[in-house]
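Step one of this worksheet: look at the structure below.
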Amino acid sequence: MKKLINNAEDVTVEQLKGMALAHPDMLEVRFDPNFVIAKGAPAKGRVAIISGGGSGHEPLHGGYVGIGMLDAACPGQVFTSPTPDQMYEAAKAVNGGKGVLQIVKNYTGDVMNFEMAADMLRADGIEVRNVIIDDDVAVKDSSYTAGRRGLGTTVIAEKVCGAAAAEGYDLDRNAALCKKVNVKGKSMGMALTSCITPQNGTPTFDIGDDEMEIGIGIHGEPGAERMKVKNADKITEILTTHILDDEAYTRKLAEWDVDKGESVDVEVVDETFQSGDKVIAIVNSMGGTPISELYTVYGKLHELAEKKGISIVRKLIGHYITSIEMQGVSITLVKTDDEILRLYDASVHTPALNWGT
Amino acid sequence: MKKLINNAEDVTVEQLKGMALAHPDMLEVRFDPNFVIAKGAPAKGRVAIISGGGSGHEPLHGGYVGIGMLDAACPGQVFTSPTPDQMYEAAKAVNGGKGVLQIVKNYTGDVMNFEMAADMLRADGIEVRNVIIDDDVAVKDSSYTAGRRGLGTTVIAEKVCGAAAAEGYDLDRNAALCKKVNVKGKSMGMALTSCITPQNGTPTFDIGDDEMEIGIGIHGEPGAERMKVKNADKITEILTTHILDDEAYTRKLAEWDVDKGESVDVEVVDETFQSGDKVIAIVNSMGGTPISELYTVYGKLHELAEKKGISIVRKLIGHYITSIEMQGVSITLVKTDDEILRLYDASVHTPALNWGT
Amino acid sequence: MLTSEHITTWIRKSADEMRDNRGYLTELDAAIGDADHGNNMDRGYKAVLEKLPDDNDVGAILKAVAMALISKVGGAAGPLYGTMFLQAANALKGKEALSSEDVELLLKSSVDGIVMRGKAHAGEKTILDSLIPAHEAYKEARAAGAELIACLDAATHAAEEGMKATIPMIATKGRASYLGERSRDHQDPGATSTYLIIKTLYEAASEGDAT
Amino acid sequence: MLTSEHITTWIRKSADEMRDNRGYLTELDAAIGDADHGNNMDRGYKAVLEKLPDDNDVGAILKAVAMALISKVGGAAGPLYGTMFLQAANALKGKEALSSEDVELLLKSSVDGIVMRGKAHAGEKTILDSLIPAHEAYKEARAAGAELIACLDAATHAAEEGMKATIPMIATKGRASYLGERSRDHQDPGATSTYLIIKTLYEAASEGDAT
């Protein structure tokens, strides 16, 4: 294993320390429990937005903390969901009295840890909504699996909900917006190589020199299909077709029922892509794939989308939700409407997304 | 070789096509000869800034074309300097009557091709200045080598000169500014792994599982020293110490003598770093090193700089001047003054650098 | 009876097993998950050892275990095992020693905790596939009149069988579920760590001459 | 005399050599440079073949070669070989056949072109280390009264010797110079492609029965 790290046992802490030194204008980092917190916290008079998950997906989530996006991020160990005390302390630090929206990627561990945190916060009288992002079309059904995983739509949800909080959306409206983004967003990824977690020091999975993994998870979980390596156009076509042709996906997601004071399972159905749609696209490096190659993928994606009458009106091409140094790419398409576009375009100042005044 | 490409023989063209589709608001791409050109070209009433070099270093240079930075970029084949006809056509397309500044990284091929382009342009009556960036402190002397190579200072020079052009600096003032940035900037890089050029399909150099190359060139040229892999702090210390302790570097650089109408060799001496300096820092991934690891490096760099009384007032942490998928890092420090800081902070809208109004 | 000392020994023995099987559990997780289960459990039990209270109240001990696991493990295993110990702690609050019946309650509330948190059933290739058989074997042995240690022996064997029975299963919960068919032919890491937890309970009881 | 047909044959033969030695030249460049010299030369000469004019003027042919190399090779080799052919083209403008003296001029102006563009000297592990010996050997042979083909034979041998002599040299120009001591024990790619260019000139002349 070759990495620019000092301590394989807990690289997250050293990386967070560097991040704190690098971006004192945008964020602070607290330790024991670990979380990244926006400079202006607490979020006085507005909803606070929190996310988190295992480390190793940088810039997700710490790189999205700052102005106009996340108020706090809770990084777990590499590829391991954070613990409830992290979210509990982070939420207490950023809550400005208008409640906390927790954006949670749909992995069993993340969901459970954020749920426990929400319970702890509610016991303290803090209003919390957990919204789950489950946009990975590589997972076909939800009755025989833990359901679709959270991928790139998370980034758009964090951006849009952060802007909505700044605009003054209240907690329920912001949670509803987050759910809307989730049912409009779909993603799928693939890997050419495996990542190596610092703790293990060896590749998470073996993959032949002539093989690729389609539908890979961002923790190096084996994907939906192993096949011979194909060229960039063909790979892009596989991913894009899965996303664009994905049929209405129905599943139950846990939601907080304010009246009942408990979590209830609610049926949620994804939208499908239609000719005429305007979308935000992410062409995302899994970490080790260089930017140059992402442009080849973008070129083909653009062509395929146009062919379906879908226009890409905004795009992110680079490193947004990674898997350490894995080589590969994931594509995310999020259908927009006026509200989503307005909020996406709003100013943001974080280490990884930075635009507007 | 595993890459997201279609055609190993000329990946550059497919990547440029994707780039054109991705950023129509900022740039256009022309083919035969190939160059990337800013949306608003020609640069009416102001100096035009051009750069270029081998491909494989993305986002350098195409990713810096847009508003407030480069007017055009000329990408060669992977790791191969562009040809003079590219710069010739690019310069003719962007020249707005106030002349063209060519920012050239100091590689034998780049220098010669840009020189030939300048000759061709001058024959057409276009005013040209070539300014060479040679900031790689891994190269110790210039009498027994082709001189220091161009690394990360190039990015800062392109940013600052682009802003100066927008402010209305004339050609000679802008060229003088570019030279000033060059003598204030120093860089050094290292590699954990080799890159693979698409044309060759095999690693450019062999490196043991327990080895690293210190002072690597961005074309995978073997560096100054091969040694056993060390931890991130130690690696950062090696690079930073070389940069901060570098003594005044004296060499001759070719400059256009307007009166004589010919190129003359002028002695140029680098500044050295002093306590009290304010610097712009780049912690740059060589391509395959993930952002998270860059933060560990930044943390140590910050500490070492502070110890010397040097404060990092601006920083770029990410992928800025890469070597395809090579794992490794390079550090750049550019001493600033009021002029450089003002111009660095000025608005810029390019695929890779984007801030301000 | 299992004294609070037996319980403390159990936890220490579990910690040893997690340390010794760190690589093994992680390998199992690499095959069908994300290669961290051993690291997670070892990190968690290390934290548990630091937080073990000098207390005779078994409930208090188990609660300390729960809180340490919740705040140090993360992933799926953290909240699952955390909730498991928390449920057991609630059920046994105030007890300074556990009767054979209490141990059955410990196992039952453990199952309840895992189900409550993870909403899985038997046969989904999870922790439950060794935990439920352990609980049932214990219950049956006790109903048939066996001694505490013999009941735990039966539970351990059932946990081991259950663990092995996860090999041909297709996962439908947790990260391994994404593999569908490809999750077959691999032993579930969580069912394996659960087996170690049951086994060390038996060992703590038998070595400590519980009656 | 070398007719314009000889010259065209020369260029075609060079192109064949660059194609056949593409991997070899690139490997040499991988050791002390950036692993592209063979790719560059092959790409350049392929473009040259497409641009070869149907012209009797040797100067025009060489100018076309120069322009194709300049616009297709890039790197260091592009401007160097481009300038080399451009200087030769200027020196031989208007000639429909080259005398033995003209060929010497071709070699001399080639050396001048490389020096003008690259500002190197003999012994710096570059193109010049096979080109200068080739020119000198030719000159000496001609001064000693040798025939054109014999002069070219001498030039080829000298180029080969010069190429091999780059092995122990430490590079002080071009990309290999960054290696310092480590550039020793490797043959220079540019000196090698130059040898191929000289060798094919000899072959074109001898096979085409130049007198």
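Labels A, B, C and D are assigned to the chains in the order they are written; within every chain, residues are numbered from 1.
Just so it is clear, a contact is a pair of C-beta atoms (placed from the backbone, for glycine too) under 8 Å apart; a residue touches a chain by one contact, two chains touch by 3 or more.
Quick caveat: nothing in here was measured; it's all calculated off a predicted structure.
With contact taken as defined at the outset, there is no chain that touches subunit C as well as subunit D. Taking the mean of C-alpha positions as each chain's centre, the chain lying farthest from the centre of subunit B is C.
Averaging Cα coordinates per chain places subunit B and subunit D 32 Å apart. With centres taken as mean Cα positions, subunit D sits 57 Å from subunit A.
Residue numbers of subunit A whose C-beta contacts span two or more other chains: none are found. In terms of which chains touch, the assembly is arranged as an unbranched chain of neighbours. The list of touching chain pairs reads A-B, A-C, B-D. The part of subunit B that touches subunit D in the complex is made up of residues 33, 54, 76-85, 107-109, 112-113, 115-116, 138-139, 143-146, 149, 197, 199-200, 204-205, 217, 219-224. Interface of subunit C with subunit A (complex): residues 26, 30, 32-36, 39-40, 43, 70-80, 82-83, 117-118, 170, 172-175, 177-180, 182. Residue ranges on subunit A touching subunit B, taken from their complex, read 2-6, 11, 14-19, 21-22, 55-56, 58-59, 63, 192-193, 209, 212, 229, 231-233, 235, 287-300, 302-303, 315, 317-319, 322, 324-325, 327, 329, 351, 354-355, 357.
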